[in-house]
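One chain, subunit A, appears in both complexes that follow, with subunit B as partner in the first and subunit C in the second.
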Partner chain A sequence: MALIKIDDQEVEIAKGEVVINAAKRVGIDIPFYCYHPGMKIVASCRMCLVDMVGMPKLMPACSTTVGELPPGKKLEEKYDAVIYTDNDKVKTARRAVLEFLLLNHPIDCPICDKAGECKLQDYSYEHGNHESRLIDPKRIPEKKDLGPSIYLYTSRCIMCSRCVRFTEEISGTEELKVTHRGWHAEISVSPGKPLDNKMMGNVVDLCPVGCLIDKHEKFEGRVWNFVQTESICPGCSKGCNTVLDTMKHQKLNLEELVDTVYRIRPRENMDVNQWWICDDGRYHLEGDKKKTRILVPHLRENGALTETTWFSAVAAVSEKIKSAGAGQVVFIGSPYASNEENYLLGKLAKGLNAATDVSKPIFGDTQTFKTDMNKYPFTIESEKAPNFHGAKNALGLTDSKIDQSLSKKVVVLLGSHNVDLKSKPETLIVIGSFEDAVTKQADIILPAALFTETSGTYTNKDGLVQKFNKAINPPGDSKAIWQIMINLAQASGQDWYYETVGDVAKEMIQSVGGFKSVDLGTLYPHFVLQDEQVVA
Partner chain B sequence: MAVSVKNITVPRGKNWVDNTYIIPVIKGLIITLRHMFKKPIVLYYPENKKVLPPNYRGLHMLTRDEQGREKCVACEMCSTACPADCIRIVANDSGDVWKDNFENREKHPIVFEIDELRCIFCGMCVEACPEDAIDMTDMHNLADYTRQDFIYDKERLLGVYDEYIKRHPDHAKRRDGEFKAMKNSSYFSVVSVENAKKPGGH
Partner chain C sequence: MEKVLTKMVGIENSQNIDVYLKHGGYQALPKALKMTPDELIQMMKDSGVRGRGGAGFPTGMKWSFLPKDNPKPRYLLCNADESEPGTFKDRVLMEDDPHQVIEGLIISSFAIQAHTCYIYIRGEYVTGAKILHKAINEAYEKGYLGKNILGSGFELDITVHRGAGAYICGEETGLIESLEGKRGWPRIKPPFPAVYGVFGCPTIVNNVETLVTPIHIINRGVQWWKDNEPKLYCMSGHLTRPGTYEAKIGTNLMELINDHCGGIPNGRKLKAVIPGGSSVPVLRAEECDVAMDFDALAKAGSALGSAGCMVMDDTTCMVNALWNLMKFYSHESCGQCTPCREGTHWLEMICGRIETGRGRMEDLELMLETANNIAGRTICPLGDAAAWPVAGLPDKNKGGDLNGQSFVNKFREEFEYHITNKKCKVTIPHEWN
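What follows is the complex of A and B.
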């Protein structure tokens, strides 16, 4: 441990720790481009230069470490280093670096999707020169198509090489490289080897400027109109932490654009996904766009599915269940629904003395990205459902016996993913979101919200319980599954009600063994806060 | 309640002429009469129209570039700056629309709407625009039958420009701030409609 002084603050710095990190701990933000905690340090952008007493030149804070000085040689009698991040020397250096970075930059912020979250914009505003002294014409190279989902706006690049290091160190696919030298240096792919791997979307987030642009999100909206909601990826059992970007509600003139998720981006969680997500997760909602959403409850009348109201659909469900008799009814939970929703399904079944089961997740390929330089290999799990673990847990089951369950007379299906109907049960009730082969055969369909449209928790493959939050409203008449469960319970004469998902979670944690270790306060901080206020 | 009485003396003139007030009345009349021989300051609207200053903030227009395409690149600066939240923009790739898709025209608005009833004509949108794509005209006499008609879409706003540029072909100069050199420009000549009555006579 060495003790250093940064501006006016003292901070301890561990052996091998870089100055930029130590400064961040005491709230001093040193500007940087090429540094990324997850990748090799190259110190190439020179944005992070700081003034270190005793050094002949300014030092890059992202690669400078501090060792202990012998007792007699300490600076100011106690420090191992004295660093200034804001004196005139540093300010001049930052101005100069920015002037260089902007030499050939086209300044096309009006059409750049990064504008608003671009570090070149932010730092130019904060530390820059505000005008160019270049008298020669700018070199503005053409944009390049790097692969199926990414464009390279060559002229905007600041050559920080984050994207190159990502493909070398994290994905290990090595598609990107720097070609040419000096003024002409460019990021490129080799002919016939486009940027195409399951992790490529991450380079768009990594790029500190608007050089790498995602084709899916191009011109979708300006980032300052977005609000962020913390969520969990439902793509596989890894449970990556994500952020959903949706349009601000208070923008009156964008009202009709509000209920759409525009982007899914990774959220840092060192225990699960570090800084990344895979493209299956990133473009998860793209697949949904091709399917037909069920917007209103449906009831089979005279052999044909017809639209109906919630009231009559729910009444019809309880009617069917009652007439079949308890022994002939099965409620099948889903690995695609949250813990709370599966728990309520179990509770509803228990109240009716009906059997419970859970459908199987879809299985696909496992893909692991591992390189020599990657501390945390990233694995896309083969179990393509977010919550098989938790669903079994919440329902008190050990495994899925769905093939037997489907032979019952009345089958209530939570979601129709991966359900293979050999023969249609006498009555099939589906709580689902999209039209498919199963819903076509259903007798009653209740339209359900997706994970972006309600809140809840998923348990990932390691047993970690994580919460996703509601970002947008469910379309049409569809409702969150936990609300549908309450409606069904009330229609069948059971007397329970929950105000919020938090109430369900609280009861679930207390009554189901598998959730004993879950801390309600971290998942639903707002909820616990409310409870405390009631006590006070 | 006791009533208090105050005696006041009405000021009297020095002689009877003063007491008839005839001189002040004539003085007043002279002022009135003087105006009969001055240039009138009212206009015979709508036959005659006032010449508005070049920075007048009236109806919006979307300007065109040399090739007749809208200059707007759908950056949404104007809608962000707008305090009345009355501009609605949906951006799109212009690659398919304009084949000679060059740098600053890669993006364009497929929807550009201004709700002129909600607008407060503050001019913030014009200030904010980095492309000089939105501007305000001297048109202020807007009338229509429904509220919906006041939501100007892209085509209509471009149409306003076409109409405006016919009357003010030197519009571009105005944007460059060359007011002084424009003494003879359309902005400073009287806009009058044929058969308009001459001001001054009754």
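What follows is the complex of A and C.
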């Protein structure tokens, strides 16, 4: 442990820790482009140069470490290093780097998707010159199509090489390379080997400027209109932490404002996904766009499913359950629904003396990205559901016996994922979001919100309970599942009610065995049980 | 003066091992193998040999940086990339006297206890690579290479690796990356190659001329070396007899130009000299009365570098000369660090604008400032090498900024003439065009 002075603050720095991290701890943000804590340090952008007393040249804060000095040689009698991050020498250097970076940069911010979250923009305002001294022609190379989902706007590149290092060190696929030399240097792919792997979306997040652009997001929205919501990826049992960028926007030819999730980005969590997510999770919602959403409750009348109101649909459900008799009803929870929703399903079933079960998750391929340089190999889990463990726990079950359960007279299905109906039960009630083979056979459909439209918790494969937040309002008449459960409970004469999903979570933690050890406040720093709120 | 380093030059079949042996070759090797490695390193320290590739770092000290407790194998890399413009001394050693190089490599490898040595030779030196290949095979046959060299139990293999023609691969960490099969992007230091070099193992990288010095120190003694240290000077440009000359280190520059090289041809006058390869600040004619060694040239505001003297007479347009240099650095910048990648190209563009009559007076200050913004802010010294010809060496009194004593300020009136009159101040003789 060495003691250093950065500007006028003291901070302890561990052996091998780089100065840029120590500075961040005391609130000093040293600007940088090429540095990333998860990848090899190259110190090539020269943006983070700082002035270290005793060093003839400016030192890159991202690669400089400090060792302890012998007692007699301490600077100012107690420091192992004295560093200035804001003196004239440093300011001149930063200004120069930004001037150099902008020499061949097209400065096409008005049409650049990165504008607003671009570090070149931010630092230029903060540290740069406000006028260009260049009168010579710029080099404007053509944009490149790197693969199925990424464009490379070559002219915007600042050669930080983060994307190249990502494909070398994290995904291990090595598609990206630097070609040419000097001011001609460009990021490229080899002919016939496009950037195509399950992790490739991360290079867009890594790019500090607008060089790498996701084809899904290109020209789709301006980042300053986005609202960020912390969420959890429901793609597999890993439970990657994500951010949902959402926006209210006007659909073409429609006057109403529509909420849309524009993109899913990874959120740093060193215990789960580090800084990354896979493309299955990133483009998770793309698949939903192709499906038909159920927007209103449906009731089967005279053999045909017809639209109805919540009131009559809920009344019909409680009627069917009552007439079938307790022994003939089963409530089937879902590994795709949150702990709270499964818990309330269980509570409802208990109140009606009905059986409970849980449907099985879909299983797919496991894929691990392993390289020699990466401490945390990224794994896409084979269990393609976010909450199988949590659902079983919340319902007090050990495993799914869905094939037996489907033979009951009245089946209440929470979600229709991966449910294989061999023969239709006498009454099939589906709480679901999309039309599929199961909902077509249903007698009653209650339209449910997706994970982006409600809050709750998922328990991942390691038993980590993590919270996702509501980002947008459910479309049409659809409702959050926990609210549907309350409606069903009240219709069937049970006396319970919750103001928010947070109240459900509090009760669940108290009453369900597997959650008792969970301290949501400390287990996960972002876990704040907040009231459901409508996004403004 | 007796030729030491270039003794074999001009002798028939000097590349042949028998001819080398006849002229006293491989005599230092048995003596070296009887010494201990520490004694050899101490000998290098005592003799004060400084690296001859350009930076002038004391060789003995570099060798002593190797960690004692690292179990990994050690490597010796012979830097024969010789890509500094105006430098062609290693070529003479490799093409005319390859066995001297090999003997030097064996002794140096023994001193640092390396059992593998690579000669990284620049791609354009096709002849040199062929000659070295042949010489290495001869040395294997005679038992100077391979297992148990001369019965000492010491084992060494030498491999010639040809570069692909990049200036940056002459920088030691760029060379290491290139040798590993990667893009020649220099590494950040620390860790230095002595600790973490090629394939992650302790590595010493030295210039060809540096690595032949132990032969002569062993043969003639440390004191003789200190009194008579020979040095190769590459004399090029407007000279009657340009070429590689061996002279005592510290020989006066004017003596080299006038006595060794026969002076400036056609009765023209000396205008300027770049004394140490294209990367060092230029000297005006009146500054050329200077001893060609590390300290005297540093005092004169330049550097010995690789001792590649480029002599320019009064028909040289200094704007054009600087433009030429800037084109080189812009072309050879590896593209890793921002200041060098973008700055060298900007300097080239500004220089070209002035030369072609589109310059502005403020461009001169812009060039000096840009050079200042490149120097000292990059991973490897290529940034410095591009900035120093423009704006001189770093000055401690100016807080490490460049002192401005090179092309732009030393020949400012020529730059200004170009800007105002949109043409050269000098008339370039017909035969140069």
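The working rule: the second predicted complex is superposed on the first by the 508 of 536 C-alpha atoms of A that agree within 3 Å, B and C clash if a C-alpha of one lies under 4 Å from a C-alpha of the other, contacts with A are read in each partner's own complex, and residues count from 1 in each chain.
In this text, a contact is a pair of C-beta atoms (placed from the backbone, for glycine too) under 8 Å apart; a residue touches a chain by one contact, two chains touch by 3 or more.
As the structure is a prediction and not an experimental result, all values here were calculated from the model.
Student: Is A:S63 contacted by the first partner subunit B, the second partner subunit C, both or neither?
Tutor: Second partner only.
Student: Look at A:R181 in the shared chain and tell me whether it touches subunit B only, subunit C only, both, or neither; answer first, second, both or neither.
Tutor: second
Student: If you tally the residues of subunit A touched by each partner, is the higher count for subunit B or for subunit C?
Tutor: Of subunit B and subunit C, the partner in contact with more residues of subunit A is C.
Student: Kindly classify A:N469 by the partners it touches after superposition: subunit B alone (first), subunit C alone (second), both, or neither?
Tutor: In the superposition, A:N469 touches no partner, neither subunit B nor subunit C.
Student: Going by the contact rule set out at the top, does A:W224 touch subunit B (first), subunit C (second), both, or neither?
Tutor: first
Student: Return first, second, both or neither, reflecting whether A:I140 touches subunit B, subunit C, both chains, or no partner chain.
Tutor: So A:I140 only meets subunit B here.
Student: Does the superposition put A:P110 against subunit B (first), subunit C (second), both, or neither?
Tutor: Once the two structures are laid over each other on A, A:P110 reaches subunit B alone.
Student: Across the complex, what residues on subunit A touch subunit B?
Tutor: 106, 108-111, 115, 140, 218-222, 224-225, 251-254, 257
Student: Flag every residue of subunit B that touches subunit A in the complex, lowest number first.
Tutor: The touching residues are 73-77, 79-80, 85-88, 90-93, 103-104, 106-107, 115, 130-131.
Student: Would you mind writing out the residues of subunit A in touch with subunit C in their complex?
Tutor: Interface residues on the subunit A side: 41-47, 49, 56-58, 60, 63, 89, 92-93, 96-97, 99-101, 103-104, 133-136, 158-159, 161, 178, 180-185.
Student: Sort out for me which residues of subunit C touch subunit A in the complex.
Tutor: Of all residues in subunit C, those touching subunit A are 166, 168, 183, 185, 188, 330-339, 341-346, 349-350, 353, 360, 366, 373, 376-379, 394, 399-400.
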